[in-house]
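Here chain A shows up in two complexes: once beside chain B, once beside chain C.
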Partner chain A sequence: MASIASARIKREFREVVTSDELTRCKIKLELLNDNFTELKGEIGGPPDTAYEGGTFQLEIKIPETYPFNPPKVRFLTKIWHPNISSVTGAICLDILKDQWAAAMTLRTVLLSLQALLATPEPDDPQDAVVANQYKSNNKIFLKTARHWTNVYAGSTSAAEPEFDSQVKKLVDMGFDSHKSRVALSSHLWNVEQAIESLYD
Partner chain B sequence: MNEQTTQEFDFKDEMIDEKITAQQEAIENEIAREQKLISDLIKLDSLLDEYSLEDTIYRSKIIELSANFSLVRKTRGDGNCFFRAFGFRYFEAIMGKPDEVKRLKDLANKICTDLNQLGYNSFTVDDFKDVFVEELERLADKSDVKLLEEIFNNPGSSDYIVVFLRLIVSAYLQKNADFFLAFIETYQSMKEFCSHEVEPMYKESDHIHIIALTNALNVSVGIIYLDRTDQTEATPHNFPEDSNPNIFILYRPGHYDIIYKN
Partner chain C sequence: MVLTEEDSSKSGKNNENSSDNASSQYECNICLETAKDAVISMCGHLFCWPCLHKWLETKPLNQTCPVCKSAINKDKVIPLYGRNSSNKTDPRDKIPPRPQGQRTEAPRNNFFASGLDGLHVSFGIGAFPFSFFASTFNFTTDNRMPAPPPGSPQYAEEQFLSRIFLIIAIIFIIWILLA
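Take a look at the complex of A and B:
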């Protein structure tokens, strides 16, 4: 069975790396081993979103039963998004679960993930905290997502300097910088509440 | 509830998700070990063993059926049962008939063109069509039931055939969307219906799938409905309605098996 999966991935791999469309959409695919079971994906944040300018790395694992079952994909780059866990990078997307079809490809997956960044589905969340913020404090959500894109995905656009200085306050108190950022992001950047949660 | 606990909940949810997935995989593996994709021929009477003596409706219907039907092949209950049952039985009906095999092969190629026009990636679609046609051609000149059983019990070929049959249904429904749109309720478009209810593996089949497949391939199929309604006889239903099929499929709520007429 493994050979069916790897033969298919070989062909898909050729398709993704040669297609102009994918260069234009800032999508990349890289092999991590010789038997085509582990790959690294990369998608650029879509324009006019909080993820613009960022580059997001994805872990892609091909099951033995591919293409009859979907690839296992998660974000390696930390991201603030209702359908992606800010903790594990796990993704909630129907085509990676029960809506996968064998005629889909890794190209479909990468493009769908890019589309997911552009249009979150807060009613079908992976990360409840983020989804809640998206719905009830959308402005703060956008600024937070932009901030994460800046810090973790290397965008050079609006850095939200006041967020940086709030994180620095917590770091100066001895907290880890990522944990501080998560605590602040989860508490609408209220420093006191964030500190309280870190002590809990 | 403060936000921090929500965060932890979220993390727990993911672990539960993973556990559920692992458990589902374990169940699927067990089914795979215990039941072949397509069973050997068994006597229709042996279905009686599945029902208790008190279950008179099923028992009397099976006994009634055995006047005209004697043999059955069970299919694995993995959501693909209709497609696999149909595929097996249709291949069986045309094997050793080069003209019929050629007709199906030409049709398969034409459906690929349709799929490309509908925006499907040709290299993925061709993958499934190629396996479908290759396996079919191995049976063009000979009636070899052993080979047929081997093809349909090897997931490597069997699942490819199932996927291609699903694509045939999808192409047909999308091409005839104007007509079929009236029969789908919860979906906005035929494309959406197909990507949710037709193309994914393990999605169960309904009337609309059967109509589309039999129309697309111009094949007549009789479905024998065996259920708990009070009628004494199991209800046969032919697709298309006015046809006279020689391929029969036994339907019991949620599952399709192959059944052979005497």
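Take a look at the complex of A and C:
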């Protein structure tokens, strides 16, 4: 059965790499080994979202039972999104779990992930803190997501300079910059609360 | 790159079967190759039977079409017989899981319907003392697996034994009813 998996990935890889549509959507795919079990995906943040301008790297692992079971996908690039863990990059998306169907391909998975960035599902969260913020304080959520896109996914637009200076404040106190950013993001950029959580 | 080399050699082999563009609409939706032992679902989607069978086995409780997710099951797919493929081999020979699936259902339906055999089996499930009796009986039937031809002394002997067991069983039942 492993032969189905590798034969299919070979085809799907070609399909993604040669597709003009996917290049236009800023979707890329890269092989990491010769037996087609590990790939690296890349999706561009969709326009008119907090992720616009960023490029997000994905780890894709193909199980031996593919395509009867879904590929294992997680974000390598840190991202602030209700359905993606800000810690591990794990993704909560139904088609990567019980709604997977054997006719789906890497192309549809990558497009679905891009769509997930555009339309978060806060009621089916992976990261409870982010989902809560999305629902109760959407303005700050958008700013935070934009800030993370800027810092980790390399976008150049909307840098949120006040967030940078707040992170710098904590870094000057001796905290790790990523940990400081997580603490601030989780506490609506309230410096006192963030410091408190870092000391816990 | 390694990929392109392998691909070109592979497509070279496939050239006699099909040109790429013409065959792409007859690709199996699961393995993405030209469908072998093709079957089509009621919703119109094409698969290799082995591929679809494996998919249905993977999700036994929620059998849906891999393309459109409409309900699907073994009995509602239609095999496709092309002229050339049917000339070479009977597709059903190459699709072992399907006839097997039908065979496994059959014994359940015939469980009580087949005369004497059914009778013996029902003793086996009955009251406790009979289960031992039934198992010894089944042991003897296992032994004669290559069934003796009718008319041979062995056949007569077995018929005789079978009748004795039946009589003993009936006596037991009467005894239980009277006791």
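For this structure, a couple of remarks:
Keep this in mind: the second predicted complex is superposed on the first by the 200 of 200 C-alpha atoms of A that agree within 3 Å, B and C clash if a C-alpha of one lies under 4 Å from a C-alpha of the other, contacts with A are read in each partner's own complex, and residues count from 1 in each chain.
Here is the rule we use: a residue touches a chain if its C-beta (ideal position, glycine included) is under 8 Å from a C-beta of that chain, and two chains touch if they have at least 3 such contacts.
Predicted model only: the values in this text are computed from it and were never measured.
Because the two structures share chain A, they can be overlaid on it, and in that overlay chain B clashes with chain C.
In the superposition on chain A, contact is made by A:Ala103 with both chain B and chain C. When the two complexes are overlaid on their common chain A, residue A:Ser85 makes contact with chain B while staying clear of chain C.
Contacts of A:Ala118 after superposition: neither chain B nor chain C is touched. When the two complexes are overlaid, the chain among chain B and chain C that reaches more residues of chain A is B. With both structures placed on the common chain, the touch criterion links A:Ile4 to chain B and to chain C.
Of the two partner chains placed by superposition, chain B and chain C are both touched by A:Phe68. When the two complexes are overlaid on their common chain A, residue A:Phe13 makes contact with chain C while staying clear of chain B. Once the two complexes are overlaid on the shared chain, A:Val129 sits against chain B while remaining clear of chain C. Residues 1, 4, 8, 11, 65, 67-69, 101-105 of chain A contact both chain B in one complex and chain C in the other.
Touching chain B in their complex are the following residues of chain A: 1, 4, 8, 11, 15, 65, 67-69, 85, 87-88, 90, 98-105, 107, 126-129, 132, 182-183, 186-187, 193, 197, 200.
Contact residues of chain C toward chain A in the complex are 2-3, 6-7, 29-33, 45, 51, 54-55, 58, 64-67, 69. The part of chain B that touches chain A in the complex is made up of residues 2-4, 6-7, 9-11, 13-14, 17, 120-121, 123-125, 127-128, 155-156, 159, 163, 166-167, 195-196, 199-202.
Remark: chain A residues 1, 4, 7-8, 10-14, 31, 34, 65, 67-69, 101-105 touch chain C in the complex.
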